[in-house]
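Look for subunit A in each of the two complexes below; its partner is subunit B in the first and subunit C in the second.
This part shows the complex of A and B:
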């Protein structure tokens, strides 16, 4: 059953660009998959450990800026630059996480928010640093090279669509594997009772940091992808709190701490946000964020475990800990 | 560095820092009692600034008089949000005390709505109140001048902190709040209505922002987006001073104000905020309970 569903989903998604030839709709799909990827990366640390990060946008921004700056200033292809950016973001993520994970309490949430906001404000107000142009709030444009696959630039949106599909499958596979590994069990134990897990010999700081490192790395790759896809990056969109809240919202509404939850959240909320912005955005510019706020409140009050839970129950499965995972339910 | 300029920036830092401390009190009080991080803290301050602004704009009411309206209004707003939205979380999580993450996300939603509703109504403009009083300053010596409105804000902030501490120590309601903070089950056994205490605490934490808003509006223009910057300053202030400690807030605010102000003499004001973050991380590393905090 699971196998059949997975294959059907795989065929559907792989064949989608054949059916959807309209660039706009393909663009919407790329957006949905991008958010599904980012929310899944967020989920690895926040969903599985219960440590809330509202600063993941900073990691995405670091990745995007580093790969773009390397392309502009050194001519280095983003295919390599995105991994350099991801390594840097991992270092930053671990440095920010380290002091917080040794403590109990809301320190991680506070630190990540403060870090992301300060980084955003600093970037917005820095025109150049050590001779490298950052261009402040204007943001950076990726130089156009035409159809240059070696430089992560393609004609049309179809190649970008397949790249983000591959990235999403990758992050879901990592999450799926992690959930079943020793680390996944440790993380769940830490989430349930950090002191209890410590007492049983789990080095909680180490495992929380590992989860943070993986999550930072993947988030930064997503940031680079975003920069190369839009060929433009700015602090407001790529480092701002709105992005962090969107990721957290998708993870929570879908169901944090599950493989499919964040994907489900992204498939529901991205089109909803897109439609609000497209139809009412001109008249009421903050409306989609008001709606996000309402959804967040309602989700916390009535569906703290996300939409995935009632769906699972409908399908006759008991809990997130059930052995099966069905990547096709989304 | 010229010692005179250094002196001026330290004094400016102290004056601003006192205000930062007062802004953070509500956050610290609410966390200390309820273990909830109010993410909408900055948004409540934004409302606290808009109330005296409109009272002045529409009825020419002096902002310092508007305290009489703004503080009760924010008390009611905070009380209602706690009673209607946050209380159900407590009832659900009564059996096992969870990390306050769900409450944090809930208040993040509240803040998102407040900021963007204000944005839809008022637009992105900065609006300020101009008082004759605001442009006047007094001089200490030849070079050091302090603006009257800022100095008033500083003094009232200190007085407010002292009053709140006194209220918590001396009155019955204050004792009830403190005992709930220490152990909510034991407090409930002693006949304290814990949920009502939570409502009152949240209201009080927001009412402080009503007072602070009236103090700030003569020299600090308001726009719907200022909440986040002050919310984050409050997070840093509270962690510096010791989360849950009221005098710690003032100390944390002073440290933050002085660091920002002195660092701004060397680098741009925006880069200066990186210094406050570095201090924040160092405190987390070496003294996670904060400068005046006790072990939680």
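This part shows the complex of A and C:
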């Protein structure tokens, strides 16, 4: 059943560019898939451990800026630059997480917001550092090289579409694998009761930091993708609070701590945000944020485990839990 | 050679001296009861042994190794397991998954952790509840589940904090039987307990704490007739009698 559904979805998504030839619609799909990828990366630390990050945009920004700066200043292809950016973001993510994960309470959420905002404000007000042009709030443009696959630049949107599909499948596969491994069990145990988990030998600091590292790495890759796709990056869009909140919202509304939840959240909220921005954005700027807020309140009230919960029940699978208790599994 | 040796550990919280120079030793295979009125320092003593906070002074040795000040997970890897006074199962995981968290202790593979968990749940007679989400369990089943999680880590020393609290008399008897069988497997046990019938019935020796200090240690019959103990529990009038 799951296998059939997955195969059908895979075929549909792979064939989509054949049916959708209008660049605009393809662009919308790339946007949805990008958010699905980013929300899934966020989910690895926040969904599974219950530690809320509202600063993941900083990691995306670090990835995007580093890969772009390396291309501009050193001519290094973003295919490599994105991994350098991801390694740097991983280091930053672990440094931010380290002191917080030793404490109990909302410190991680507060620290991530503060860190991301400081980084954004600093970037917006920095024209140049050590001779490297950052161009402040204006942002950086990726130098155009025409059709240059080796430099992550393509004609048309179809290649970008397939790249983000591959990235999304990758992050989902990592999540799926993690959920079934010792690490997934430990993270969920920490989320439910950190003291209880530690009594069973779980080094909570180490596992929280591992999850943060994986999540930071993947988020930064997404940031680089975004910069290369739009060929433009600025502090507001690529490391602003809006992006952090959107990722968290998609994860929470869709269903935290599940493989499909954040993807579902992105598929619902990205178009909703796009439509409200397009139709009402001119008259009531910021209205999409009000709507996001309402959606979050409703989701918390009626579906605290996310939209994935009723869908699973519909499919007769109460949770990942019930699979574990089928006699012949594993 | 004692399995666990506690030498003069103390802990104070602000002005409150929760445990004052506590010393005792536990022999392999023994059940030691830790009793005392509320606030006597029993759970504080457990928290120090299990690595939840370090003692202010003193030393804790397990199998001749100094384990004072190690973190909870390191203590767990030295084969000391504990239950909590307030059982908080990993609520959105099933019974089986809860115990698998303990089962991953020694084996990284999911299949091995699962085998271990099924074995332990079978031992505790919880096989029919494998797929139940833990937050749906009764208080007594939560206690049993917590015990199962501990056993899945293959402990040599088990610290039980009020495992029969909230149980009916019949359930308490069943729990006593389980504790006896765990001891028969070779696990050494220290139990904090308020239900005297249980602690007196199971323990080889009983240690009585009062205001953080040891006021008596010995066989259950001797301790229960000790005037100092009676006074601590029941007040001056009974102590003199």
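Just so it is clear, the second predicted complex is superposed on the first by the 321 of 330 C-alpha atoms of A that agree within 3 Å, B and C clash if a C-alpha of one lies under 4 Å from a C-alpha of the other, contacts with A are read in each partner's own complex, and residues count from 1 in each chain.
Please note the rule applied: a residue touches a chain if its C-beta (ideal position, glycine included) is under 8 Å from a C-beta of that chain, and two chains touch if they have at least 3 such contacts.
Remember, it's a predicted structure, so these values are computed and weren't measured experimentally.
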Return fit or clash for subunit B versus subunit C, each positioned on subunit A through the superposition.
fit
A:83 in the overlay: touching subunit B, subunit C, both, or neither? Say first, second, both or neither.
neither
Quick one: angle from subunit B through subunit A to subunit C, Cα centres, nearest 10°?
70
Of the two partner chains, subunit B (first) and subunit C (second), which one does A:185 touch, if any: first, second, both, or neither?
second
If you stack the two complexes on chain A, which partner ends up touching A:232: first (subunit B), second (subunit C), both, or neither?
neither
Looking at the overlay, does A:13 come into contact with subunit B only (first), subunit C only (second), both, or neither?
neither
Counting only touches as set out at the top, which of subunit B and subunit C does A:109 meet: first, second, both, neither?
first
Kindly classify A:201 by the partners it touches after superposition: subunit B alone (first), subunit C alone (second), both, or neither?
second
Does subunit A have more residues touched by subunit B or by subunit C?
B
Min C-alpha distance, subunit B to subunit C, superposed, in Å, is 8
Set of subunit A residues, in rising order, touched by both subunit B and subunit C
none
Given the complex, residues on subunit B that touch subunit A span 31, 37, 85, 88-89, 92, 99-106, 108-113, 115-117, 119-120, 228-229, 232, 235-236, 239, 243, 268, 270-271, 273-274, 276-277, 280-281, 284-285, 288, 296
Give the list of subunit A residues in touch with subunit C in this complex.
180-182, 185-186, 188-189, 192-193, 195-204, 318-319, 321-322, 324-325, 330
Complex contacts: residues of subunit C adjacent to subunit A:
50, 52, 71-73, 76-77, 81-82, 84, 88-94, 96-97, 100-102, 104-105, 108, 110-111, 113-114, 130-131, 133, 146, 149-150, 152-153
Interface with subunit B, subunit A side, in the complex: residues 50-52, 54, 96, 99-100, 102-107, 109-111, 113-115, 117-118, 121-122, 124-126, 241, 245, 248, 252, 284-287, 289-290, 292-297, 300-301, 304
